[in-house]
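Same chain, two partners: subunit A is paired with subunit B first, then with subunit C.
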Partner chain A sequence: MIMATHKLDITNEHCPMTFVKTKLKLAQIAKGDRLEVLLLEGEPLQNVPKSATEQGFQVLEVKQIDGPVYQVTIQK
Partner chain B sequence: MSTTTDLQAALAAQTEVKQPKKLSLIAFSGDFDKLTATFTLATGAAAVGYEVNIFFTFWGLDAVKKKQGRAFVGKGFLPKLFGFFMGGPKAAPVSRLNFLGLSPKIFRYMMRKNNVATLEELIEAAKALGINLYLCEMAMHILGLEKDDFVHEVKDVLGVATFLEISEGGRTLFI
Partner chain C sequence: MFDFSEDQINRYSRHILLQDVGVEGQLKIAQGKVLIIGAGGLGAPVALYLAAAGVGTIGIVDGDVVDLSNLQRQVIHFTPDVNRPKVDSAKEKINLINPDVNVITYKEFLTSENALDIIKDYDFVVDGTDNFPVKFLINDACVMAGKPFSHGGILRFEGQTMTYVPGSACYRCLFHMPPPPNAVPTCSQAGVLGAIAGMLGTIQAAETLKYLTGVGELLTNRLLTFNAKTMDFRKIKTHRREDCPICGKNPTITTLVDYEQAVCDLKDRH
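Showing the complex of A and B:
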């Protein structure tokens, strides 16, 4: 079975849409697929990976891309 | 000695049991700013895994009416007149400095300009997230409204006792 990788950029979003868009995207993708979320440091970086873990998803990687921009890889 | 150990183990086990997180909001106000606060809290909580209930009563009912702007909704002359003046989410005034309805337009402009979700976007997000939307039976009765006058995502029409039952074990806010 091929696992797909999806991308989501929430660097231009603000609370609560940072969480809302991540949650809705995770609901759309298939189990086992990965979601790479581009987000900003601060609240999105602190809470998007945390809430994904709390909801039973696996956070595979958090890496800094450029300055305040980070990429969080979540597996459904 | 073993009793103390048993007690400590039981306490540790108790703290490990995760209660489902729940937020229940009573949306009383039909003001643009207060509805924005209601839907911001609701969608944010739902997105981070909370079970969210919103109980719309009195002016808050405007937020989930099928007709978005002013319309003669309701059964009977007085309810229809009230329905028209109350309007729907597009006609919601701000709670302060409304300037005859100019302020909500300015707010919408500023929200779009700053890339912040507007009230309409938040309402759509609430529906997409499957937030439980409930209507107050008593307020609907006064205003001559029926479930069909509201968006189809509304889950049920409730009284106080059922709302208390649904909200039990979580946090409840009145806005």
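Showing the complex of A and C:
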């Protein structure tokens, strides 16, 4: 099975819309697919991976992209 | 399928965040059709919360007009609504809270004549009525039509509620027949603490949303009662009765009946 990778930029969103937008995107992708989420350090970086894990998604990777911008890879 | 607008995503964000509701659950709520019978003490909080939750279609049945004495607990009606039909007042508030909701009004009381026809288009029925004859009528009509419903009743400082789905204990499994007219006071005779209506109605609203989304366990085969004086809540286990006259093995009730009402209730209904 080919797993697709999707992208989402929530660097302009604030809590709780950061995770709302992440959930919306996750709802649209197939099980097993990956979602690369661009988000800012601080609250989004603290909460989005934590909430994703709590709600049964797998956080595969968190990496710094550029200064305050991070990429979190979540698998559905 | 995921065609919520930005405003709707924002409006329903606290549901979308919930693990058990999420986008899928919010879509089920948006596709839900709920009938509220009675736009009074119970129907008011039920209608307000279901409207806020984004239930797609809300039907409201009530033949009454707003009376000043209603405003102590029927929080969907405001002072300028006195003498207006309750369904018109309720529809206006529902759409002020949430213009997405399609409201269908029935400016009439539920009777054995119209009950099956009114309930047939809905997924879930909420009993927000204040008298036994119509509570039994709602039960019988919902059992016959295979419609799930939430029963609710309040009096003085107390409330009770149960949820029926086809196959679970029905209201008649618990209470065989309505009490004789005037044997039990209605809240228009005995009084009721206004906030009790909110306590019970919001439980019914939560049951409705649980039914629509499939989240959790409904109050089926259990009767929840509370007394607000002590804030004691009890859940009493109930069972479907094989000899129930409506949902049992050999039902003796095969047509809907209008039981006699207490005299003082009838005179309010000119």
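One rule holds for everything that comes next: the second predicted complex is superposed on the first by the 76 of 76 C-alpha atoms of A that agree within 3 Å, B and C clash if a C-alpha of one lies under 4 Å from a C-alpha of the other, contacts with A are read in each partner's own complex, and residues count from 1 in each chain.
Operating definition for what follows: a residue touches a chain if its C-beta (ideal position, glycine included) is under 8 Å from a C-beta of that chain, and two chains touch if they have at least 3 such contacts.
If you're wondering where the values come from, they're calculated on a predicted model, not measured in any experiment.
Taken together through their common subunit A, the two structures put subunit B and subunit C in a clash. When both complexes are overlaid on chain A, the residue A:Gln28 reaches subunit C alone and has no touch with subunit B. Applying the stated contact rule after C-alpha superposition, one finds that A:Gln55 touches each of subunit B and subunit C.
Legend: residue contacts after superposition of the two complexes on their common chain; A:Met17 is shown touching both subunit B and subunit C. When the shared chain is aligned, subunit B comes close enough to touch A:Asn47, but subunit C does not. Subunit C is struck by only one stretch of subunit B after the chain A overlay, and of the options 6-14, 24-32, 42-50 or 96-104 that stretch is 42-50.
Residue overlap on subunit A between its contacts with subunit B in one complex and with subunit C in the other: 16-17, 19-20, 23-24, 51, 54-55.
Every residue of subunit B that touches subunit A in the complex is listed here, in rising order: 40-41, 43-44, 46-49, 114-117, 121-122, 125, 128-129.
Chain contact summary for the complex, subunit A toward subunit C: residues 16-17, 19-21, 23-24, 27-28, 51, 54-56. Residues of subunit A touching subunit B in their complex: 12-17, 19-20, 22-24, 47, 51, 54-55.
Note for the complex: subunit C touches subunit A at residues 2, 4, 9-10, 13-14, 16-17, 19, 22-24.
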